[in-house]
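Two complexes follow with subunit A in common, the first pairing it with subunit B and the second with subunit C.
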Partner chain A sequence: MIKLKFVKRTHNNLRWRILSFFIALVSSLLVSGLLMASVGQNAFEAFWALFEGAFMGQEAIMDTLLRATPLIFTGLATVVAFRARIWSIGQEGQLVMGAIFAYGASVIFSGLPSIVLIPLVIIAGFMGGALLGGFCGWLKYRFKVDEVISTVMLNYIVGYFLTYLLSGPWRSKGSYYLQTEEVVKHALYPVLMEEYQLHIGFLVAIVTTVFMYFLIRKTSLGYDIKALGMNPTAFRYKGANIPKMFVLVMMISGGVAALAGTGELLGVHGRLNMDISLGLGFTGIIVAMIGGLTSIGTFFAAFLFGGLVNGGYVMQVMTGVPLSMVYATQAIILLFFLCSSLLSKYRIKKVTDND
Partner chain B sequence: MEALLKVEKLTKRFEWVVANDAISFDIQKGEIHCLLGENGAGKSTLAECIYGYYQPDQGDIYFDGTKIDYRSPRDAIKSGIGMVHQHFVLVPPASVIENVIVGTAGAPFLLDFKGTEKKLKQLCQNYNVDLDPHTKIWDLSVGQQQWVEILKALYLDAKLLILDEPTAVLTPQESEQLFKILRKMTADGISIILITHKLNEVMQSDRVTVLRKGKRVDTVITKNYSKNELTNLMVGREVILDVKKDNLPLGASMLRLEGVNLRDEWNPHVLDDISFTVHKNEIIGIAGVAGNGQKELFEVLVGVTTPDTGKVFLDDEDITHMNPADIIKRGVGHIPQDRYLEGLLEEFSVADNLILGSQHDSCFKKGPFLDQSKIATYAEKCTAEYEILTPSIKTQVDHLSGGNAQKIILARELWQSSKVLLANRPTRGLDVGVIEYVHRQLLKKRSEGYAIILISEELEDLFNLTDRIVVMYKGKVMGDFKTEAAKIEEIGLLMAGK
Partner chain C sequence: MTELLTTQIIVSILAATIRIACPLMIAALGELVAERAGVMNLGVEGMMLMGAFVGFFVTHQTGSPIIGIIAASLAAMVFSLIMAFMAITLKLEQFVTGMALNLLAAGLTLFWYRSFQKIVGTSVPKIDLLENIKIPFLSEIPWLGKIFFCHNPLTYLAFLMVPMIWFFLYRTKYGLELRCMGENPAAIDMKGLSVDTRQYLAVMFGGLMAGLAGAFVSVASSVRFVPDMTAGRGWLAIVIVIAGNWRPKWILVASLVFAFLDAFQMHVQAIGFKIPYQIFLAMPYAIAIVALMISRTKSEAPAALGIPYRRE
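Entry: the complex of A and B
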């Protein structure tokens, strides 16, 4: 019997990284297909509908980018935190805070013209997430509260806070649903092209991606973030203020995640309601992991996942396969990706008599 | 006389690295045989092949006349080969007798404590060691723990005992005691393989096999050779063992500790009333077995830890409560004990590690961005000056050898510091050539007016390089001597707390 073993590679192999990504993609599509077939669906038809709906034609691409936009933000938020080995799972709550703060600002400053109001609302949204994230960073420094616990718990707290706002002080008068009044028209994100829903939030996402890229790759703050993640002990010996770093990184992460909420509010829903998120925060984590925790990688992974969701809607309409299949596929991709990324770190070798 | 152990053309490879290259040698009955070589020469690998932990790729081993093919140390132990490693494999909360019995092949289900106790007591008596077999390991000193490791082998009737760097953790007196025991063992017919790079110990052996880069250079009778000659064999060229220390007038007081106390959850005396002064143009050596507060002392000086009581002054400024960033700004450099854990960012490049600590300095920045060309220029300069062997300044430091990684820390700290240098075992695990280099750099900075504290377990280095020696034991300063007047026996006793 042939026995195999893993041997660590000496150099990070880009070729294998890309190859392992495609292996993961193909494997997960196969498994998803099997899943579909097991309940009597035609996997080929379904996948083709999904692919068509996601990437074929201008309308498809526009809608895919629309779905990708919030994932770019939550993905980038994850990248900056995870690079510092701060395991923030709070993108969901930060996103909601971004929407809440943005809505509040749009009401308070509604008198201002668009050109001032929109940037103001964006900044307000960012601040909402930054405060939430920074608070978790502070909890870690001051009380040694594990960031996984604090961020996840605050997700729930923020969710309940939203419910409170929507059923109480911010509730739209006379409305049956839990939602606010519509956001004033001149605070809404304008669309990029008349026929499609894709809004300037996508441009904000591009700017944020570029900003993150430069921040992490080229600045001394980026150096600090990476050093914090790599070896906080040595970093501390060489003068780092670790508590300050926790708070700062979490503020940046929270603020960027919040921009996803701001975009969903001002570009998609037009009012604050309970559906403002639906898992965009958590999906952002998957997107960031698949993007290799890099800004550019996350951007493309978000595009892929946006395509899955967009195409999923089409698939549902055309073939009756439910949208939840897409969410299952997203999770399957992550699992396969994690396994196959092993290939880029290790070689498989036969065990010989020498060992 | 028939050799007890015969190794013929043993070759062992790891991937593309040839750790042992067709090595042949033999061990006679009742001799102390040293395996001498620099780090990476292949001594430990060779020993592990004999002990059955590794299987050689080529070559044969004969033990007591029979060709052997050990699949694991269990087979080696059964034949009568024992090994004591650098890091002990004892269970601290268990007693001596429990540690000896655990894992003994063929032990009956109902363990025979009485019989074992009798045999252990006899062995201890035989070798003049006073040890109650029911003592818990964590109540024993390091030297006593090492004896328990040896006991394990003797209990199983070892005919050949391999010791890997045994005196790394012992005081001079404990080392002496160990060698007395080893001599008694050889008188009883047991052979000893001693893996070491310490020449003092080598000189106490009967024969030496010198390894260099995986190959056997020669096997010689120790008493026919001098230390220098053996070092030349080990390194392959002339090496100056003693660096010259200039006679310098003592400068002004630079670093002063007054009554520094530190405690933690388990130990009320991590640092116990430490007071001493370091002057410019001076190197103070801190002698002591590792784990007696030396590392924590540096953590206080660097600013990572704040003492509970007491004060620290740098150039007459109170830095007791200052953070590391500010202390570094005031010209303090630190070469940490564990180069990867405390001093380097493993997956960062050589260049990025060289700027760790100065990444916010304006000389390396262009606005908010890091100025890569200025960093590269600086990194190239360091690499050339300190002869750091690396394919490029962009190489990840975990691809470099330990010696070169250490040089990165050295280059960085010497560049960033201007007044004080705290060096914690800076030459641990380094080759003779690099050790020589580090020592020269320390003396150079001393001449330039630095105040230097050197923590080292190698008393020979302390005597060569320092102006004063401070002995630490259980967090306390046991003695503070001028090096010229210090006696090694006295220091050794103080290191053990007497």
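Entry: the complex of A and C
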């Protein structure tokens, strides 16, 4: 019997990284196709509708960018936390908290002109997420509460908080649905081009991506984040302040995730409702993993996943394949990607007698 | 009159506590076995959801809740093999793998449910519930009978599992090996026993139990399937393992405490308190965080939990 063995590659192999991404993508499409076939759908038609809806033509691209915008934020939020090996899955709750704070600010400061109001609302949204994230960081260093658990629990708590606000104090009068009044017109994000819905949130996303790139690559804080992620023990010996790092990293992560909620509120929904997130936080985690936990990679992965969701709506209308197919596909991509990423980290070697 | 009402409500709350505790306890006991073997499986929520859907679907197709429950357990067990393969064979980061499992289950069950709705042509397909069994004589006891002895068969099974798992872990050779794997897998390896095989079995058992718990949520509690119907119970099960300090009897206690809060919350709504009911809905999750804040002392967490075993 031939014995095989994984041998760690000595240097980071970009060619294999790109190749492994495509292997994962193709395998996922195959499995998704089989899934659709299993319930009697024509997979080719569905994929074609999805692709057309996502990337063919200016309108498709613009809508894909609109869908990608929140994913860029939740993805970047994941990148900064995971690089420090802080396993936060609280993007979902932070996003909602951001939207809640942003809505609150838009009501309180509604008398101010747009030019002051919009930045204020963005800052308020950021603070909402940062407080929530920072709280989990504090729980981690002060009480050793695992951040995986605390962030998940807070996702649920924030979810109920939102339901409470929407069914009670903030509910729009006489409305059948759980939703608030519309946000005042001059607090809404202006659109970038007349006939498309794409709003300035996309520009904020680009700025945040660049900012995150420099933060991780070029600043001493970024260096500390990577050091904490690679070897916390050595990091402690260096005399670094780990508690401060936990809180700081989680505040940045939470704040950035919250910007997704602010954007959805002010650029898409125009009011606070129960559909403000629909899993954007979780998709952000996949996006960040596919993006190799780098800022630039995450930006492009978000574009791909925004396309999946945007195309998914077209697919649902054109072929009747439920949109939920896309959510399954996203998770399948992640699974295959995790497996195939081993190809870029290890090479397979035949074990000989000399070993 | 009011006194009668109060007794009735208390009996009803306690009976609900027993009922609600079961899926939490079953899933937590399964996770306990996996964690004791050193594998941190965060995919409990996903495995439960898978069990809930398959249980519902098979019950709908066969008309038999029993077959549905068996199918749910087996399906979740097969599903847990993905986790086992990625965490044990490929030695990938267990946290990310568990997350992927949860997302996959959420997507798949929703997709299958939507497709199923279209195929059967009704928006709310319904099933027959697993029936309750009244234990003769014991169920006649005033109050206690209603609280303890008028439940569905899975409930009794769940409570039986506690001493069974305890016996397995602490009184059998395999249980000892399993606990040893969580502390020091190299010792098992050195004895010439396969760490991988044992961890696979532990994860699969966790999957089986999560599937059973999921079936409890659908087949034994609701005539219809609701997307994401496990609603965080899988995560609570993980918290219960930590709060129960990785010991079966404390897991039993922790499950009952969480279940009591939930049962209380349901009745508060019925009685008509002026407090927003969302506070009570959010309570188990808040209590979970508080429980973790206190439970950090003298933890029995397996030393090698979540660390893939590599032979040096």
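Rule of thumb we're sticking to: the second predicted complex is superposed on the first by the 347 of 355 C-alpha atoms of A that agree within 3 Å, B and C clash if a C-alpha of one lies under 4 Å from a C-alpha of the other, contacts with A are read in each partner's own complex, and residues count from 1 in each chain.
Keep this in mind: contacts are C-beta pairs under 8 Å (C-beta built on N, C-alpha and C of every residue); 3 or more make two chains touch, one makes a residue touch a chain.
Since this is a predicted model, take the numbers as computed values, not measurements.
Peer 1: Quick one: subunit B and subunit C on subunit A, clash or fit?
Peer 2: Subunit B/subunit C on subunit A - fit side by side.
Peer 1: Report for A:Met289: first if it touches subunit B alone, second if subunit C alone, otherwise both or neither.
Peer 2: A:Met289: touches subunit C, not subunit B.
Peer 1: Check whether A:Leu342 is in contact with subunit B, with subunit C, with both or with neither, and answer first, second, both or neither.
Peer 2: It touches subunit C, and subunit B stays clear.
Peer 1: Output check: A:Ala187 vs subunit B and subunit C. Expected answer is one of first, second, both, neither. What do you get?
Peer 2: neither
Peer 1: Which partner does A:Leu221 reach: the first (subunit B), the second (subunit C), both, or neither?
Peer 2: A:Leu221 contacts subunit B only, not subunit C.
Peer 1: Have a look at where A:Met230 lands relative to subunit B and subunit C in the superposition and call it first, second, both or neither.
Peer 2: first
Peer 1: Pick one for A:Ser324: touches subunit B only (first), subunit C only (second), both, or neither.
Peer 2: After superposing on A, A:Ser324 lies in contact with subunit C but is clear of subunit B.
Peer 1: Subunit B or subunit C: which reaches more residues on subunit A?
Peer 2: Between subunit B and subunit C, C touches the greater number of residues in subunit A.
Peer 1: Minimum C-alpha distance between subunit B and subunit C after superposition, to be given in whole Å.
Peer 2: 7
Peer 1: Please report the subunit A residues shared by its interface with subunit B and its interface with subunit C.
Peer 2: none
Peer 1: Where on subunit A is subunit C touching in the complex?
Peer 2: Contacts found on subunit A: 35, 39-41, 87, 89, 139, 143-146, 148-150, 152-154, 156-157, 160-161, 163-164, 167-168, 279, 282, 285-286, 289, 320, 322, 324-332, 334-335, 338-339, 342.
Peer 1: Which stretch or stretches of subunit B touch subunit A in the complex?
Peer 2: 13, 15, 55, 57, 302, 304, 323-325, 328, 334, 336, 341-348, 352, 356-357, 359-360, 364-365, 368-370, 399
Peer 1: What residues of subunit A sit close enough to touch subunit B in their complex?
Peer 2: Counting only subunit A, the residues touching subunit B are 7, 10, 214, 218-221, 223-224, 226-227, 230-231, 233-241, 353-355.
Peer 1: If you look only at subunit C, which of its residues touch subunit A in the complex?
Peer 2: Residues of subunit C touching subunit A: 42, 82, 86, 90, 92, 95-97, 99-100, 103-104, 106-108, 110-115, 118-119, 232, 235, 238-239, 242, 276, 278-279, 281-282, 285-286, 288-289, 292-293, 296.
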